[in-house]
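Next, two complexes with chain A in common: one pairs it with chain B, the other with chain C.
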Partner chain A sequence: MTIVQIIEGPLWYIAAAVFVIGALWRIIGILRLGRRTDLSVPRSAAFPGAVKALFRHMLPHYGFFNRTKLHVFAGYLFHIGLFVVLFFAAPHVAFLKEHVLGFGWEAMPHWAFIVSAQAAFAGLILLWFRRIADPTMRQISDADDHIGSWLTFIAMLTGCLALQESNASLRALHMLTVEIWLIYFPFSRLMHAFTFVLSRGYTGIVYGRRGVTP
Partner chain B sequence: MTAAKAVQAFVDTVDAAAASYMEACVHCGQCARACHFYETNDDPRLTPIYKLQPLVKAYKRHKAPFSGLRRMLGLVPAEVTEDELNEWSDLVYDTCNMCGRCTLVCPMGIDIAAMVRKVREGFVAAGIVPEGLTGAADRAINIGSPLGIKPETLRKIVNEQVEEVGIPVELDKEGADYLVILSAMEILNFYEVIGALARIFKQAGVSWTISTEAYEATNIGIQMGDKEIARTLVGRIVDAAEKLKVKYVISPECGHAYSALKWEGPNLVGRPYSFKVVHILELLDQLQREGRIRTRGKDARRVTYHDPCQIVRRGGLVSQPRSILNSVSDGFVEMKNAGVANICCGGGGGVSSNPRAEDYRIRAFASKKKQIDDLQGVEALVTSCANCRNVIEEAIDAYGMDLPVLGLTELLAEYLEPDGGGEPAKPAEA
Partner chain C sequence: MRLILWVSLLVAVLAGALFANTLSPLAVSSAMAEESVPGETLGNESDSDLWRRVRRGESFTLSDPRLGSGVLVQSEGEEWRSIRNGLVSWYGGILVLVGLGATVLFALLRGKVKIEGGRTGKRVPRFTMVERSIHWFVAAVFILLAISGLIILFGRYILLPVIGPSAFGAVASAAMQGHNLFGPLFVVGLVVMLFAYGMDNVFQAADAKWIIKGGNLFGGHAPSWKYNFGEKTYFWLIVMTGTVLSVTGILMEFPTLVGELWYLQLSTILHAVAALLVIAVAIGHIYLGSIGVEGALEGMTEGTVDENWAREHHDLWAEKVMQKMAENEPKGATKPAPGAAE
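On to the complex of A and B.
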C-alpha cells in the first residue's frame, strides 16, 4: 500500500472515526454534567428563548457594532468563505457524495470557489493577525488558538494546491492535512463549531424564562 | 489548603451550562468591548472572560471531557494556587458588576456574569473575599441588614414617613395582600420611598405591610458568591411572607435584590414559594393600566432613565419603567443603548460595598457619564435601583457634575392626583 493509498484509505477512516467519536464524547461529557431544575416562576417560555438566542448571537448586537466591526467583518468573511468552499467546491461535493452521504448537489462554478476561498483566507489571516497584534487578544490566547488557526490555514492552502486534482500527491497532501485537522478537532477549541449551540442555548433558556430580549 | 478548597468549589459548581460556556469560548475578546471596567482602564487583564481563568483551569484539570487523558499526557493546566487566587481577587470582586453586558456581544452567548458568580463561590470557599463584603455579610446575618439597620431603626423611619404623608402603615399585618421589602440603601438614604408607596397604595387600594422580621431585600450572599448566606437571607423573607400569609412579595427598587428573590431564591431554598414575587415596577405599571393609579400634571424637565442591569438586562423589565416615566414626564429622552444594552452604574455586584474597588468604580462611571453627556443636556436622571442611585450620586459628585438623581416610585408619587381632585402636583425641584 502506498502512502497515498494509506492517506486516502485507512487514515481517512481513522480520522473520521476520531472526529465523530471524539466530538460526540465531548458533547455528551458536557451534557452529562446536567443542570438542576429551575424552581423560579418563569415570565415566559424557555425553549423559544433558546432558539432566539441561537440566531440572535449569530448577528452582531446593535449596541456594539462600531466597537467590534473588525472582528465581525473578519469573522463573517472567514466562516462564510469556509462553509461555501467546504460544501459547494466541486471536489468536496463529489467526495461527500461518494464517501460520506451517498448523494450530492450542484457544485459552485470555479470563479465562485476563488472568491469564497479568498474570503476565507482573508478572514482567517485577519483574525489571526488580530490575535497576535492586539494586547488583549495576546492576553487571552493560548497555544490551542494558534494551532487551530494554523491547521485550518494549512488545510485550506493544501486544498487550493490540489484544486485541479491533476496531481495525486497534492490531493493526498490535502487529505492528510484535513485528516490531521479532523483528529485535532475534538480535543481543541475548533469544537466551538458544535458547542456554540449549547452555550447560546443555555443562555437563551435564562433569557427566555426571564422575558429578556437580548 | 486554601487553594484546594477553591478548586473543589470550582469543580462542584460546574454544571452542563457552565461547562458549555468554557468549552465554547473562542477567545475572541469581544466581551472586552462591552465592559465599562475594561473601557475605562485599558488593561487587558480586565477582559471579562479572563476573569474566569481560575475556574477554567480547575475545570480543565479536573472535570472537562478528556481531562483524564490529558492529565496522563501532561496536557492539563497546572493546579490553581493561592497566589493566583489573590492575584485574581481584584478581577473577580473589584472590576465586575455581574451586569451581563458582555453576554450581549459574545458570539457564543456565554453568560459571563453567571460564571463570575461561580468564580466567587470558589473565592468564598477559600476565604479570599474583600473585607467590605464580609463585613456587610456579618451585619446582614447578625443584625438583619448589610448596613446594620435594626428593626427599631426601621420602625422609627417608617413612623417618620407616616407623619410626613399622613397615611398609616401597619407593620407585620397578617393577611395583607402585599409584603413590601426594602433595600438597605432605601431605608437609610432614600426613605421617602416608604411615604411614596403609602400614597400610591392608598390611592390604588392596595393592602400591604412591612415585616419587622424580614424588611431587608439586599442579598449580600448573592453578591459575594456565598450560597449559604444567600439562602439564609432569602429564607427570612420566605418565612416572613408565609407567616404573614401574604399573596405577593414586592421586590423593591434594587437590582440584585430582584435577582436574588425572583430568580435565585426558589432554587436556594429548594422549593417554589407559596406567594408570588412581583417587582415594584411591574406592580405600578399594572396598577396604572388598571386605572387604579391616577396622575395629574407632568414633569417638564428633560430627563433620562438609567436601566439597572439586574432589572432590565437580567430581569426582563424594559417597558414598565418607560410606561410609568412617560405618564409623569413630558421630557423623557433615552440614552444611546438604553434598555438591555445600557451601561451599568459601576456599583452593582457588590462593588459598591467594597471600598477597595472605589477607584475602579469611579473610573468606570466615565462610560455612564458619556452616555449621559451624549444627550447634550438632561436636567435629571431617573432610575429604579437605590444602589444605582447612590452610586451615581457619588460619581456625579466625583466628576463635578450637576444632575439630580430621582427614584421612579417617588417621582410617580409626586404626580398622584390629590384625593378628591385639587390642584396639580407641584413639579419636583431641580
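On to the complex of A and C.
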C-alpha cells in the first residue's frame, strides 16, 4: 500500500471516526453538565431567550460595534468563505457524495469557488493578525488558538494548491492536512463550530428566564 | 451475353466520365483557384510551402470560428520564450541576488541601527490596528506570491535538477494554483493600502534634506515626517510595480480579455520584471523593518514606538504626535483623585 493509498484509505476513516466520536463526546459531555437549578420565579420563557440570544449575538451590541468592526468583518469573511468552500466546492461535493453521504448537490461554479476561497483566506489572515497584534487578544490566546488557526490555514492552502486536480500527491497532501485537522478538532477550540450554539443558548436561557434580552 | 456487354459498356462510360472529370484541366484549375486542396497530391501547393506559411504565422480561415485563432504557429512566441527564459530570468535572477547581497553587505558594514539615546520607556502611537492589519495582510500575500512566482520562473533551473521531474511537476502545479489564487487578494490589498498610506507618503520638502544627508542609515540625523524619503520611495515603487503586476496578472488569469496573444506575452514579461524588481527591493525593506533598525518592528506589531526612536527617525512627525498627545492629556491628570489618601 502506497502512502497516498494509506492517506486516502485507512487514515481517512480513522480521522473521520476521531472527529465524529470526539465531537459527539464533547457535546454530550457539555449537555450532561445540565443547568443549575434556578429557584427564582421565571419572568419569561427560557427557550425563546436561547433562540433570541443565538441570533442576536451574531452581531455585537451597538456599543461595541465600532471597537470590533474589523473583527466582525474578518470573522464573517472567513467563516462564510470557509463554509461555502467546504460544502459547495465541486471536488468537496463529489467527495462527500462518493465517500460520506451517498448523495450530492449542485456545486458552485469555479469563479465562485475562487471568490469564496479568497474571502476565507483574507478573513483568516486578518483574524490571526488581530490575535497577535491586539494586546488583549494576545494575552488570552494560547498555543491551541495558534495551532487551530495554522492548521486551518494549511488545510485550506493545500486544498487550493491541489486545485488543478492533476497530481495525486497534491490531493493526498491536502487530505493529510485535513485528516490532521479532523483529529485535532475535538480536542481544541475548533469545537466552537458546534459549541457556540450551546454557550449562546445557555446564556440566552439564563437571561430569558429573567426576562431580559442579553 | 448481350446484357453483360451492355452493362460493361455502361460501367466503362461512367468510369471514364468520372475519371475525365477528375483530371480535366477545368476541374484542376477550379480547385487551384479555390485553394481547396492544399497539401494534397494534386493540390496547387506543396507540403513545404504550406508548412512554411504555417511557420511564418499566417492566419488561416477556419471552418468553425469557434475553434479559436486561425494562426497555428505564433512565431513571436519563440522570441517571447527566449526573452522570458533568457534575458528576464538571467538578469532578473541577478537583480534579486544583488538585492540580497546589498542587504547583507549593509548589515555587515553598518550593523544594527540602534536607538542612540536609548529607550525611554515612553510609547508613541505610530500605526492603528487597521493600518497594521492592512500592512500584514499585504505582506503575507506578497510573500506567498513571491515564493510561488519565483518557483514558476526559476523552478525549472533550480528545483527540477534537484527534486526531479515528477516532484517538480507537483510543486510547479501547486505554485501556479497558489499564485493564481492569491493574486487577486494582492490587488485588493494594494488598493486598500494606497488609500490607507497614500497621503502620508506624498513627497515633502523635508525629503530633500533627508536625501542630502543620506538619511540616518549611515550615521547622523536627517529630518523626516511619518515616513522618510526611502520609505516613501519604496511605497510608490510598491504602488507602481503593484499596478503593473495587478493589470498584467489579471490579463494572464483571464486571457480572453485580450484578443491578441502578443499582449499576454508582453504581460508575462512585464509581470516578471516588475515582480523581480519589487522582490529585490523588498529584501532590504524586510531587513530594515525587522532586525536592521532597533525598535522599528514594534510600530507594526504593537502599534507604538519608543519616544527616542520616534525622535531619531521621524522627528517632525514625532513632534507633532507628541504635541497632540499633550493636548489630549486630561487637564489636572497629575492631581490626586478626589478622595484619594493624602
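Please note the rule applied: the second predicted complex is superposed on the first by the 213 of 214 C-alpha atoms of A that agree within 3 Å, B and C clash if a C-alpha of one lies under 4 Å from a C-alpha of the other, contacts with A are read in each partner's own complex, and residues count from 1 in each chain.
Throughout what follows, a residue touches a chain if its C-beta (ideal position, glycine included) is under 8 Å from a C-beta of that chain, and two chains touch if they have at least 3 such contacts.
Quantities reported herein were computed from a predicted structural model and do not represent experimental measurements.
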{"item": "Superposed partners chain B and chain C on chain A - clash or fit", "value": "fit"}
{"item": "Apex chain A: angle to the C-alpha centres of chain B and chain C, given in degrees as a multiple of 10", "value": "120"}
{"item": "Which partner reaches more residues of chain A (counting touched residues only), chain B or chain C", "value": "B"}
{"item": "First, second, both or neither for A:Tyr202, with chain B first and chain C second", "value": "first"}
{"item": "Chain B versus chain C as contact partner of A:Leu157, first or second or both or neither", "value": "second"}
{"item": "Chain B versus chain C as contact partner of A:Thr68, first or second or both or neither", "value": "first"}
{"item": "Contacts of A:Ala53 with chain B and chain C, given as first, second, both or neither", "value": "first"}
{"item": "Partner chain in contact with A:Asp134 - chain B first, chain C second, else both or neither", "value": "both"}
{"item": "First, second, both or neither for A:Val212, with chain B first and chain C second", "value": "first"}
{"item": "Partner chain(s) touched by A:Ile114 [first = chain B, second = chain C, both, neither]", "value": "second"}
{"item": "Touched partner set for A:Arg36, first chain B, second chain C, both or neither", "value": "first"}
{"item": "Closest Cα approach, chain C to chain B, once both complexes are overlaid on chain A (Å)", "value": "5"}
{"item": "Overlapping contact positions on chain A, where the chain C interface meets the chain B interface", "value": "134-135"}
{"item": "Contacting residues of chain B [partner chain A, same complex]", "value": "14-17, 19-21, 23-30, 32-34, 38, 44-45, 47, 49-50, 63-66, 70, 103-111, 114, 262-267, 270-273, 276-277, 313-316, 318, 337, 340-341"}
{"item": "Residue ranges of chain A in contact with chain C within the complex", "value": "70, 114, 117-118, 121-122, 125-126, 129-130, 132-135, 157, 160-164, 166-167, 169-170"}
{"item": "Contact footprint of chain A on chain C as seen in their complex", "value": "129-130, 132-133, 136-137, 140-141, 167, 169-170, 173-178, 181-182, 184-185, 188, 301-303"}
{"item": "Complex contacts: residues of chain A adjacent to chain B", "value": "25-26, 28-36, 38-41, 43, 53, 56-58, 60-64, 67-68, 71, 75, 131, 134-142, 145, 187, 189, 191-192, 195-196, 198-204, 206, 209-214"}
